Amino acid sequence: MKFTVQENKPLTATVYRMTLRGDTRALLRPGQFVQLQLPGFYLRRPFSVYDWSPAERGCMTLVYKTVGRGTEAMTRIPVGATLDALVGLGNGFITDDIPAAAAARAPLLIGGGVGVPPLYGLCRRLLLQGQRPAAVLGFNTREEVILRADFEALGIPVTVATVDGSEGVKGFVADAVETLAAPLDYVYTCGPEPMLRAVHALCGRKGVGGQFSFEERMGCGFGACMGCTCETVTGGKRICKEGPVLVWEEILWQTRG
Amino acid sequence: MKFTVQENKPLTATVYRMTLRGDTRALLRPGQFVQLQLPGFYLRRPFSVYDWSPAERGCMTLVYKTVGRGTEAMTRIPVGATLDALVGLGNGFITDDIPAAAAARAPLLIGGGVGVPPLYGLCRRLLLQGQRPAAVLGFNTREEVILRADFEALGIPVTVATVDGSEGVKGFVADAVETLAAPLDYVYTCGPEPMLRAVHALCGRKGVGGQFSFEERMGCGFGACMGCTCETVTGGKRICKEGPVLVWEEILWQTRG
Amino acid sequence: MADTRVTLSGITLDNPVIPASGTFGFGQEFQDYYDINVLGTFSFKGTTREPRLGNPTPRIAETACGMLNAVGLQNPGVEHVISHELAELATFFHKPVMANVNGFSIEEYAYVAQRLARQPQVGWLEVNVSCPNVHGGGMAFGLAPESAAAVTRAVRAVTDKPLYIKLSPNVTDIVSIARACEDAGADGLCLINTLLGMRIDLRTRKPLLANRTGGLSGPAVFPVALRMVYQVSQAVRVPVIGMGGVASACDVVEMMLAGATAVQVGAQNLVNPCACREIIEDLPRVMERYNIQTLRDITGGAWK
Amino acid sequence: MADTRVTLSGITLDNPVIPASGTFGFGQEFQDYYDINVLGTFSFKGTTREPRLGNPTPRIAETACGMLNAVGLQNPGVEHVISHELAELATFFHKPVMANVNGFSIEEYAYVAQRLARQPQVGWLEVNVSCPNVHGGGMAFGLAPESAAAVTRAVRAVTDKPLYIKLSPNVTDIVSIARACEDAGADGLCLINTLLGMRIDLRTRKPLLANRTGGLSGPAVFPVALRMVYQVSQAVRVPVIGMGGVASACDVVEMMLAGATAVQVGAQNLVNPCACREIIEDLPRVMERYNIQTLRDITGGAWK
């Protein structure tokens, strides 16, 4: 599927926002991702969708961080360029089929670094469904904070945590969650693996459910190569197909207690 | 060396003209070539220079035919794009150091297909030196005729030959040369190998000297890899370094008689 | 009209384009992108006796014009493949399929081959003696003529279905291994499987793949594959299915000129799920450009 | 300050970057682009006893992220190399150089090695038992431990200069060949030479190269080279010079993590004559990014 770059601009020194115009109808849920073909690279790159308007001539926005040669080259793609993307990949965050999720009145969105973007589309979806989400967003330092204003503009409670304390609460997100006054109801989370582990343990201790979005190196992104399979309580799951979102119960970090 | 694409437009269905702006000071002689890096291809592509203005911010023009994936991709390079090129490669046509060439009052330029372009810069050089060149340009058919008007605008006698007779003299260039009234003095030629062979034999029969521009598959284009070496009377010569222009005497098609 | 048909051991395919094992699952995921009945056939995911989860992740790394994989034969085991995957496949794919047979012992190869050969959907067995990503099996069998022949003989003994042996490129002399398989009763040969390769993460200073090494495939390996197909196809009398880096209809023609009777497409399916459909659509145009009326006639056209 | 020095058999190089034999001539052509004294050293064009014109053209073909060459050891013969090329080289390159020794018999290897080893400019001998583009010599010696060891012993007998054997990747078990060379007296190993490959011209339906097959090099082969360096460097005690597809300072670091003591750059010099200078300039930046103070310390950093 062909997309036209509408915008590709830095939010921080290393994080960029790219908006693409094209057929976005395959996107059904927040937390789904796209596989973007970058000129000069063999494999596609997976990126979560920050937000989108679903239409044949729709729009979708990615927020990405430069971590290697591909994402560095991506920052140099000019507006107007055409990129090929596979869209609507993965299960995404589920807000209706999972009873606990559907019942949660005040789910907590916990994001770390470039795990934050997909929670924005999710937040909008939850608000539309009449839920009252809150967000805890964690970063290393003040310079890396992204999307705070976007969440605040949605009128929800936003807590920012930085590891060095240069903005918001000092410490890791999981620590920040412990300081919240409101009781934990249900969790949606995306971020680096140590963060996911900490949140998973926290949910275990508090006895609340949640959905966790994972990353894995991908060959295809649509279920063909078995490159991304991770072991879960219910057997091997392809992160690109049965994931990237797994529910608390199926994750093999058994820490409920 | 970086160059900016100023123009990239079709002359016929398969032949394009590309003008590049950048440092052309390394170009010293007509018949020299450049090695152009095309995005997405590993090896550079060699192209003769049609004409150029020598300056740090100079211009050079290439005329190229689409024959494979590289040249096809080349037609899609937009104006404004930056391309890397090695310039001033090869010996080029020699108009001064070779006594026969310097003495020739009315040298004949014989070009076939995309062998024609480098003869244009050569023609301008010869005119500047006070010689009175004429040109015979051969093509398969009328639709493929290029650069006729360019040569005519220089005020020299131009004969066009087409294999199917749809424009100018019917037949191969070597045949057309035989029909010329003016006696053969000295020859400069560039084109497909069968044409070079025919012209070489013709020179042999008439006892005139000449310079022949060759093509060979190249690794580097600047003498490092020995990829392009051809046997000559005086030993192996690198087409990219001691060529692409060889003089009649050193070519191993021994046909003088 | 361009005739793209080719015949493999008595079964005629509409065209020579066959998705390679491990890059096409059991067809399902591609059915979302196009009707896979346009394919010549396809080779399904490498199957073993027992279910396998495969290697730990990361299992994938990128390379210049290619990729490494160390999936390690993840599959649900032959019984589940028969009862679920093949049953499901029958609902949307209506051509004979190629069964990719794997094992960690000669007995396992024979067992899996026998079970799969009995399925009416299975047209050909493709016995993989060249998987570089598992230990104590896989590639080990494909590294010497004797062991490759032993697997061939064992599988030959249990089935009359057309038997293709898939060879490893990680050898000094692939021709001797191909000949040994032919002599042991193979009806054809498939080459190449992946080249053993590696990448290292500069940040962690550890191999990128959890398995350390992986199999290299994609356009990067095409010239090596082409050379091996050229060598092997001239040395044996049975058909050769060529693969390794095929990404376009031109590549298909080049492989066939080298000596391939049919052509598999692997990694390209992963970067472009529509790759095989596009190649099949392009074939007649490419045939016209190069004056080919009957595609099967060009097999071995580049032999001297 | 980033310390980029490495030591090869007692000779310290300013940096590990060494243009590979056959891609740098005798240095002259690159002197037009930069002062080649910035290099660690370089390996000059493969030299034989007699002058050789090499194979007929075409000798070069392009591949995805790489190239094939079938130059076939064109060189002016060892006496001319000594009297002309090395004499000329002495006027502009002031470091010990690596001499690439070739032969069609064990006696020829020994003869050429002895002649070159006597030249004071020559710091190391690099004995190429892996050229895939000549018949009855070259790669044939590098395909088995016995023959590779025989060449090593013969050359060892005629010189005390550091002796590196350059290995072929076209083998089932490169480790056994590396060990045989080590046991026969090699001071080090160079790997990899090119992978045997091929391309076919769809128009003529003939191999693109006049020699039919050629050697594949460039980024396409990097993961295979890296894997072999990783395997061999762990199995021997002598230093390994890694090469195959190196095109950037990151690739140099990756090769060294795999186990290389120094790194050669081949095909990349052809597509970018300034490649080695740029890599050398980039090295300190890349070292800083990955927290490397002393480059030689990272050799083998990825071994487990």
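Residue numbering begins at 1 within each chain, and the chains themselves are lettered A, B, C and D in the order written.
The rule is short, and it goes like this: a residue touches a chain if its C-beta (ideal position, glycine included) is under 8 Å from a C-beta of that chain, and two chains touch if they have at least 3 such contacts.
Here the structure is a predicted model, which means the values were calculated and not measured.
Shared contact partners of chain B and chain D are absent; no chain touches both. Ranked by how far their CA centres sit from the centre of chain C, the chains are topped by B. Taking each chain's centre as the average of its CA atoms, chain A and chain B sit 58 Å apart.
Between chain A and chain D, the centres computed from C-alpha atoms are 47 Å apart.
If you average the CA atoms of chain A and of chain C, the two centres end up 36 Å from each other.
For chain D, the set of residues that touch two or more other chains comprises 61, 63-66, 218-219. Annotation for chain B: no residues touch two or more other chains. Arrangement of the chains shown, judged by which pairs touch: one closed cycle in which each chain has exactly two touching partners. Pairwise, the chains that touch each other are A-B, A-C, B-D, C-D. Residues 61, 63-66, 68, 143-144, 170-172, 195-200, 202-203, 205-207, 212-213, 216, 218-224, 226-227, 230, 245, 250, 253-254, 257-258, 286, 290, 298, 301-302, 304 of chain D touch chain C in their complex.
Residues 37, 41-44, 86, 216-220, 222-231, 235-236, 241 of chain B are the ones that touch chain D when the two sit in their complex. For chain A in complex with chain B, the residues that touch the partner chain are 39-40. Listing the residues of chain C that touch chain A in their complex gives 22-25, 28-30, 32, 45, 53-54, 57-67, 69, 71, 74, 208, 218-219, 267, 269-271, 273.
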